[in-house]
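Chain lettering (A, B, C, D, E, F, G and H) follows the sequence in which the chains are written, and residue indices restart at 1 in each chain.
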Amino acid sequence: MGKVAIMMGSKSDLEIMSKAEEFFKEQKISFSTFVASAHRTPEKVHQIAQDIEKEYDVVIAAAGMAAHLPGVVAALVTKPVIGVPINSSPLGGMDSLLAIVQMPTGIPVATVAINGAKNAAILAMQMLALKDAKIASAFRAYRKSLKA
Amino acid sequence: MGKVAIMMGSKSDLEIMSKAEEFFKEQKISFSTFVASAHRTPEKVHQIAQDIEKEYDVVIAAAGMAAHLPGVVAALVTKPVIGVPINSSPLGGMDSLLAIVQMPTGIPVATVAINGAKNAAILAMQMLALKDAKIASAFRAYRKSLKA
Amino acid sequence: MGKVAIMMGSKSDLEIMSKAEEFFKEQKISFSTFVASAHRTPEKVHQIAQDIEKEYDVVIAAAGMAAHLPGVVAALVTKPVIGVPINSSPLGGMDSLLAIVQMPTGIPVATVAINGAKNAAILAMQMLALKDAKIASAFRAYRKSLKA
Amino acid sequence: MGKVAIMMGSKSDLEIMSKAEEFFKEQKISFSTFVASAHRTPEKVHQIAQDIEKEYDVVIAAAGMAAHLPGVVAALVTKPVIGVPINSSPLGGMDSLLAIVQMPTGIPVATVAINGAKNAAILAMQMLALKDAKIASAFRAYRKSLKA
Amino acid sequence: MGKVAIMMGSKSDLEIMSKAEEFFKEQKISFSTFVASAHRTPEKVHQIAQDIEKEYDVVIAAAGMAAHLPGVVAALVTKPVIGVPINSSPLGGMDSLLAIVQMPTGIPVATVAINGAKNAAILAMQMLALKDAKIASAFRAYRKSLKA
Amino acid sequence: MGKVAIMMGSKSDLEIMSKAEEFFKEQKISFSTFVASAHRTPEKVHQIAQDIEKEYDVVIAAAGMAAHLPGVVAALVTKPVIGVPINSSPLGGMDSLLAIVQMPTGIPVATVAINGAKNAAILAMQMLALKDAKIASAFRAYRKSLKA
Amino acid sequence: MGKVAIMMGSKSDLEIMSKAEEFFKEQKISFSTFVASAHRTPEKVHQIAQDIEKEYDVVIAAAGMAAHLPGVVAALVTKPVIGVPINSSPLGGMDSLLAIVQMPTGIPVATVAINGAKNAAILAMQMLALKDAKIASAFRAYRKSLKA
Amino acid sequence: MGKVAIMMGSKSDLEIMSKAEEFFKEQKISFSTFVASAHRTPEKVHQIAQDIEKEYDVVIAAAGMAAHLPGVVAALVTKPVIGVPINSSPLGGMDSLLAIVQMPTGIPVATVAINGAKNAAILAMQMLALKDAKIASAFRAYRKSLKA
């Protein structure tokens, strides 16, 4: 069964990112959470990226300001990387949105809304559903539940 | 083997989106291209969405201005939807970027850069690689080729 | 006599949109309020749109973030649709404004200011006044009252 | 039968606004075009506004930069006013968009996309259709034609 | 001796604009304050403009959102008009700034910073100093006092 | 009779600023043009500022990008300073607009539109008219001519 | 050993800039703090600049709104100037960022993030480390400490 | 004597960055130019960073769009890193500016203007001048030459 790695640049991002964790718990999807800064601890990011490449299917990476973590991880793994721009500066998250979504040709990051932690988790589940019929079925049930 | 549906709101988007088609041809990934406007031909979009749900694994949807097509399709299918903001107004694509990426909780769109057609195709390939070892292997080869 | 349909993507928009309801009550204009998300409940939006097409004259549709509801409804009905961008993200409503106003050629949305619920109601009354002399007269009285 | 007044702040706006005129000619809707600047010729704007109040049903007003014309006219007539932001400065039309759409409570302007002359005409037709069954029928035909 | 007219679109602007009044009181400069909306009470604005043209030397006009008052007054008087963009929407005053400063050729508005009421008053004093040696001398004293 | 000093940060600004010169020639208003950079030649700016303080009544200062010249001059003279943001970077003049208009309390700059050289000259004429009845009369004639 | 001059336009900037002072105290780097406004007290800025040129190696200059202080100082000294945009207006610091970073060719300012006082101090230490092996060694130790 | 490393994410950036090379040639400052993408060739960036740490004093790093190269290099070396935002998307360089300047606490990048290659070189020379009296003397001569 598929596994998701949640990465974030700073522990303070957990306030937002816990919504992704909660969604995975509800949906019984395996995940691990890693805190590592692309800038302060680049070696740790590289180490985690090597583990992800072997053991995980999808990555969610969140960061604020000049948010490099999603792009840096996307360059190190071949698995799809979902980026969550965190609103952590006076610019309302426009800085992290552009620093994540505007990736140059070759290395995409699947970007969701500013602070969109739950949508990142939903998108990760949709990707896992591609290879796992049980998750696909659970996802269809989740989508039906939205209509209620 | 996985299949990708490329949708766009207007034929004029094909100038940008042909880069996604070219990438799929190079990588021998099956795809179909559909032109349908979320606004002018909503019924056609619904019809295509029903076909996609049955026969495709990943959707790429491109649109400009108040770019609703990616979100509208994302609401109609359970497969992951990749959104490509097209720069087709005097605002440099900021309108289509925000209209695609800022999706509300429940229905994410995996957004790439403005005019980022090729990156959308690369991301789609990464998703297909989750369930198809041959595509995964081809993708690793593609990534190595970037380094040359 | 004319009737207005007020639609909104989420119950939380009611805090802003109640100002439109209050204006209609003051002016004795018939209206109904519908909560339906273009993304989470697209079928419900379609159903409501069919009812609107038969029984209402003007639509007010409010939504935040990647605000698709006004444009989606505008594509489904022939009646004029007034869009209200709701400020519900860290971007100050710029996302919903652009996602509503920048509609492509063919399907316009009559957009008012961010959080401009009351102005949406006033504009709806001006449209109803085109076909109803009593409402036209009441509107002229309202406009005079602004000067006091 | 309904009549539309098209106003613009400068003759140079006609390049964009002629698309509204063409639409009205195609749809056989009566219209008149007025060029008058809210700033250089305010008395002329007032005079035209008085004529509009008596003889027209809907106003389309276009202007660029600090685009006051739509709001100024909206303050002088009780008929619905549709505003068209013209892109005529280095800011891509963001200046005219905000100067038109962000009207304060009491005097709305029904704003369409930057340079959205044709959509303004379509919206005007939708308003006229409220009181004229023949126009309503023609509009339903127009909307069907979009699907072809 | 010179006189300044302070105009504002709404009583709520007085919270900001009182800083201009205080500066004039400190500097013993004659002023009158008028509250009139370019949109809700255009006739009142016209009436005040006629009085200003005869009895005042400089105008300060403040407004928020689609801030038309400074431009509308500038079109009606030949005296210099200073515009103060008020921050009264979720856009941080960017809407009122652009709606005031981006005036088309022919009718300028001397724009100061968002909420810059005191600087508007200082600028008005600099203009009055052009014709009144006593005010010029007082202004030089004020500028020296800034250095203390 | 009043005199205007036109300053600009770079010779390349003359392409825009020549419209101010032309207006002054048409209106027979005395002016001198100075090219001096607040950054490359600050001493020259100081020297010119001292001359301006003695011999000129109004200053027009134009600059692009991080446009400091208007504010720097405003700090050195007591005469009113009109700032013209020049569009000379990929940001459409938003950088120079904010760097000129957002002056802190104490030292205002009377800002006009991006590239608004002619409006700067018109505003300067309005200021000179405060102390010179002949210029005031000429200005009223100019304003009438706009209506033709 | 190297010395850093910290300048700021207003005492209120000290709330942010004290983080630079704290960093220098921790790292035992010599610094002096000066409060002087480029606009209200330009002579004081010139005087401080002359002292800096003789006795300091690096300058940190902070300012908000139309933030001219960093550029003005950069024009007066040959030492590298680090600019800190302060968020002190409703525009979230975008005004001060652009007014600092968009310096024209010839006089650069090394700009850090909005409110980025600590990063300015870190950057100053990196510059001092170029000429002082002890500071270079301390900086390598600081960088290692970030990883803990 | 000091040495500067010029890095850029793509060969196409050389069109802009050659102005930095020209400046160094004129000033007889040693430099090397490296082309390596933070995303497509992260290992190459790491390798170059290790060389830089040993043999260079200052880094200039240029990149467009989600411009991560300057921040990624800044995380790998202790030498000061100057970032040049390249305008290579429809957003006028706002994306690269924010992705470079808004670095989180701990790892600053000394950011210059969009496309500001020459200013980056000037800033690098100012840094080298801190430890090399001959470069300091040459820089003072350069600054004097600006005034001519």
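FYI, a contact is a pair of C-beta atoms (placed from the backbone, for glycine too) under 8 Å apart; a residue touches a chain by one contact, two chains touch by 3 or more.
Not measured: the values here are computed from a predicted model.
Touching subunit C and subunit H at once are the following chains: A, B.
The chain pair with the larger count of C-beta pairs in contact, out of A-G and D-E, is D-E. If you average the CA atoms of subunit A and of subunit B, the two centres end up 19 Å from each other.
Chain centres here are Cα averages; for subunit F and subunit H they lie 36 Å apart. Computed centre separation for the pair subunit E/subunit H is 45 angstrom, with centres defined by C-alpha atoms. One simple way to say how far apart two chains are is to compare their mean CA positions; for subunit A and subunit E this gives 50 Å.
The set of subunit A residues touching two or more other chains comprises 40, 65-66, 89, 91-92, 94, 101-104, 106-107, 109, 113-114, 146. Shown are all chain pairs that touch, namely A-B, A-C, A-G, A-H, B-C, B-D, B-H, C-D, C-E, D-E, D-F, E-F, E-G, F-G, F-H, G-H.
Interface residues of subunit A, counted against subunit H in their complex, comprise 9-10, 37-40, 42, 64-68, 71-72, 74-76, 89, 91, 94-96, 98-104, 106-107, 109. Only residues 2, 57-58, 78-80, 82, 97, 101-114, 116, 118-120, 122-123, 126-131, 136, 139-140, 143, 146 of subunit E touch subunit F when the two sit together in their complex. By the touch criterion stated above, subunit G contacts subunit A in their complex at residues 87, 92-94, 113-115, 146-147.
Residues 40-41, 43-44, 65-66, 89-92 of subunit A touch subunit G in their complex.
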